[in-house]
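Here come two complexes built around chain A, the first alongside chain B, the second alongside chain C.
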Partner chain A sequence: MAILEVRNLTHTYSGNSPFMNDAVKDVSFTVEKGEIIGIIGHTGSGKSTLVQHLNGLLKPTEGNVLFENEDIWENPKEIRKIRSKVGLVFQYPEYQLFEETVFKDISFGPRNMGLESEALENTVKEICGIVGVKPEFFEKSPFDLSGGEKRRVAIAGVMAMKPQVIVFDEPTAGLDPKGREDVMEIIRSYRKATNATVIIISHSMEDMAALADKVIVMNKGSLYMFGTAREVFSHSDELRKIGLNVPIVSQVFEALGLNNIPLTVDEAVEILKKRVGDNA
Partner chain B sequence: MLKDITFGQYYDATSVVHKCDPRVKILLMIAFIVLIFVSQNMFSLAFACVSVIFVLLISRVPIKLFLKNLKAIWVVLAFTAVINLFYSNTGKVLVSFWIVEITTGGVYRAVFMALRIILLIFISSVLTYTTTPNSLTDGIESLLSPLKYIGLKNAVHIFAMMMTIALRFIPTLIEEAEKIMNAQKARGADLENGSLVERVKALIPILIPLLISSVRRAYELAEAMECRCYNGGVGKTRMKQLTLSVSDLYAIIFIAVFTCGIIGLNIIF
Partner chain C sequence: MDNIIEIKNVTYEYTEDEATHIAVKNLSLNIERGSFTVILGHNGSGKSTLAKMLNGLNKPTLGTILVDGINTLAEETEIEVKRRVGMVFQNPDNQLIASIVEEDVAFGPENLGLPPKEIRQRVDSALKAVGMEEFVSSTPHRLSGGQKQRIAIAGIIAMEPECLVLDEPTAMLDPKGRREIVDTLHKLNKEKGITVILITHYMEEAENADRVLVMNDGEIISDGKPHEVFQNVEMLKSVGLDVPQTTELLYALQKNGFKVNTNVISVTDTAREIKKVLEGV
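== the complex of A and B ==
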């Protein structure tokens, strides 16, 4: 079942800045329930503008966004309700932390949804369990945490609203390898616990290949490609033309002139083992 | 909402006003402001109106932009006009209820005051629209330089640098504030509805992250400046020296005529 549908979405910034016009042009795609969708595109290709339409932060200049077959702008006064159904984690979400304690900060979202006392506390604790925020952190100030931990708390702050669709705008930007792996793990465990649909913007082709069921390629505000990760990454030349690439393992196999091209290291290992086995 | 803030915004164009030396422009703007307050009667104020409109036209900045500045202060404007409406009891009584009465004198006064404020806004926007923030602070630094001789050696430079930085970071802060607002809205924050108290409370999740990021930014900027060997104003030379040109002469002549006009009209009528 389609949970989210974008129909002919166009967004024009009304500002008089010449290079900002038509940030998104006539984009259409459908997201099925439970899918993981990756969005890739060079800087300024309209990815961030596109995802801000999914929870109604931006209103389409033309076109519609449908959540469970209903136009989210049907009743503009109710637009705030969509934000708890479609969560959006911005780039560097740790910059939105503001409360005195970690626990209070994570409960900001659910409290805005109207949850109170015990229900609120249970929800926050449940989410902390899923994303791995330890109870001893609850009463700490979010500003005393390390960079990676701050991001974990900030992501938990959005997840605490239990959105059915959760969108991440470059969730691993600026983190060390351990931090990146942690964020990916948080996303996986949230999905496992809630069966949520996940949309991720990323510049890491490796993460996309490992995680995404389908990949959307944006170029200059338009939808350039939309298909399964394997389909999209089989067009390596086109991707390179618009400033993107395929995962490094794929590049290696391509450079070696092999025709069975893997997307992830695990796949590559399988293929190589087979070859070695055949030769031995 | 935040995009309405146009203070410190430069509008690029080629005009006599743009070419003027910032020092001359600052001094002339001060003169203009003083003279607008000096105007005592309808005739001198009308003359001031014509002169201000003349300056607006030759600055080649779209009139729309000036009107936009007015939109931001219309509350102040309306408030002043209404207060002044009741302030005078000269002239014919137009409306009278309870203990207040509105007279022709009051109406005249209200219009007069409102017009003065509009002129003030217009003439000070000419300065910010036609002068880049950098040359504006250069001008201020140069104008304040006599203070060096009374023991405030580095203070003038520091003050000018602070102003440059403040002006430079207005757009950055606006952008940052918008980002944080979006992030909190995505967490269900309600910024548009509710009572006054609720709305002020709703600002906390925006102001705290904004404050923290400003402090962070300040540290980063200080480090970057030190990396480029910034050590205050001592011994610093300028890439662009301020020099007076023909446009400045025109400007001075214009303001002389304007001064004579206002004072003359004040005396005659």
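== the complex of A and C ==
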């Protein structure tokens, strides 16, 4: 079942001025409930502008965004309602931490949705359990945490609203390898616990190949490709043409001239085991 | 050996919330002139503190750092140290100051009080060195992240430093921007003989370095050629780092009983290793 549908979406910045610029041009795609969608594309390709339409933060210049078959702009006065259904985690979300304590910061979203006292506390604790915010952090100031922990708290704040779709804009940017792995683990845990639909913008082809069911490739504001991760990463020449690539492990198998191209290290090991086994 | 930087028993302490922290612990290290060194380490491992000590922005609490033989602690020669070691930081937007590319690159040489003709030459040559000569009259804020960061590097190159220290210059860039920066640094290293010290969280950027240093808790815990350092997969993971996916693949194959060497990094060499296995059957 489709949970989100983007129909012929165009977004023009500074319309009717000399700086008029189509940031997103005639983009259409459908997201099925429970899918993990990866969005790749170089800086300036329109990825961030595109996802800011999914929770009504930006209004399409042309085209529509449908949530469960209803245009989210049907009644513009009600647009805020979509924000609790589609959660958006911005780039560097830790810059938006503001409360005195970690617990208050994570409670902010669900409290705004009307949750109170015990129900609020239970929701926050549940999310903290899923994403690994330890109880001893609850009364700390978020500003006293390390960079990686701050980001964990900021992500938990969006998850606490229990959105049906959660969108991440480069959630691992600027983190060290351990921090990146932690964030990917948070996303996997949240999904496992809630079956939420996940949309994630990333520069890591390796992460997208391992995680995403489908991949959207953006180039110069247009949708350049949309398909399963396997389909998209089978077009290595087209991806390279627009400054992207396939995962490194796929590049190795391309260099070997094999037809069977793996997307992950585990797949690569299986392919080689089978090959050696068949030849033995 | 001709060393541009000599670090002897250096410790760096700082005080925060009335507690003393040691960011760098009794570290000794020489950097050879003309070499390309990559420093890896998780956030808080002491890399940035060390980097800032190399041009005197941070002063060692204990021990000495000599840059081209000059002690970074000596106030009267501070400018000499800064002239020899140029720093580039993570966010290009914080490093660009002028509204036109050439003015931005000229800022450093102008402050050195050089004659206009010399400044012109240095600006043109620096922009050429980073492959941005056609953007001489552009506005920096309209450029891509990778291009902006190359302008920031050009601004430093125009001061003609012996050594470039870059603290995560690619952290905010996309893969294309990252490649542009790493390629530019190798070019500057080979063609101009500039010593490069690159701090990064992206393991693959270490692939073609002469030397890789791994820092943890203010100490160097691994030091060698890239393929030597990346052999220690478990150790690197235990200190919050990673290995390139090629190494991860070879390591996984070895664990599964395949006879492959894990001491190669490039895609081509990795493919060759696997080919040997396939043909050996």
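As a convention for this text, the second predicted complex is superposed on the first by the 269 of 280 C-alpha atoms of A that agree within 3 Å, B and C clash if a C-alpha of one lies under 4 Å from a C-alpha of the other, contacts with A are read in each partner's own complex, and residues count from 1 in each chain.
By our rule, a residue touches a chain if its C-beta (ideal position, glycine included) is under 8 Å from a C-beta of that chain, and two chains touch if they have at least 3 such contacts.
What you see is a predicted model, and the numbers here were worked out from it, not measured in a lab.
Enquirer: Is A:Gly147 touching anything from chain B or chain C once the two structures are fitted on A? First, second, both or neither.
Expert: A:Gly147 sits against chain C, while chain B stays out of touch.
Enquirer: Taking the superposition as given, does A:Gly109 touch the first partner, chain B, the second, chain C, both, or neither?
Expert: first
Enquirer: Based on the superposed arrangement, let me know which partner A:Met161 touches: chain B (first), chain C (second), both, or neither?
Expert: After superposing on A, A:Met161 lies in contact with chain B but is clear of chain C.
Enquirer: Could you figure out whether chain B or chain C reaches more residues of chain A?
Expert: It is C that touches the greater number of chain A residues.
Enquirer: Would you sort A:Asp176 into first (chain B), second (chain C), both or neither based on which partner it touches?
Expert: The second partner, chain C, only.
Enquirer: Is A:Leu256 in contact with chain B, with chain C, with both, or with neither (first, second, both, neither)?
Expert: In the superposed model, A:Leu256 contacts chain C only, not chain B.
Enquirer: Touching A:Met1 in the superposition: chain B (first), chain C (second), both, neither?
Expert: In the superposition, A:Met1 touches no partner, neither chain B nor chain C.
Enquirer: So which bits of chain A does chain B touch that chain C touches too?
Expert: none
Enquirer: Considering only the defined contacts, which chain A positions touch chain C in the complex?
Expert: My answer: residues 42-44, 146-148, 173-179, 181, 203, 205-206, 243-245, 247-249, 251-253, 255-256, 265-266, 268-269, 272-273, 275-276, 279-280.
Enquirer: Would you tell me which residues of chain C are touching chain A in their complex?
Expert: Within the complex, chain C contacts chain A at residues 41-44, 90, 144-145, 171-177, 201, 203-204, 240-242, 244-246, 248-249, 252-253, 256, 258, 267-268, 270-271, 274-275, 277-278, 281.
Enquirer: Spell out the residues on chain A that touch chain B in their complex, using ranges where they run on.
Expert: Result: residues 15, 52, 55, 57, 80, 83-84, 87-90, 93, 95-98, 108-109, 112-113, 143, 157-158, 161 of chain A touch chain B.
Enquirer: Taking the complex as given, what residues does chain B use to touch chain A?
Expert: Of all residues in chain B, those touching chain A are 3, 179-180, 182-190, 204-205, 208-209, 212-213.
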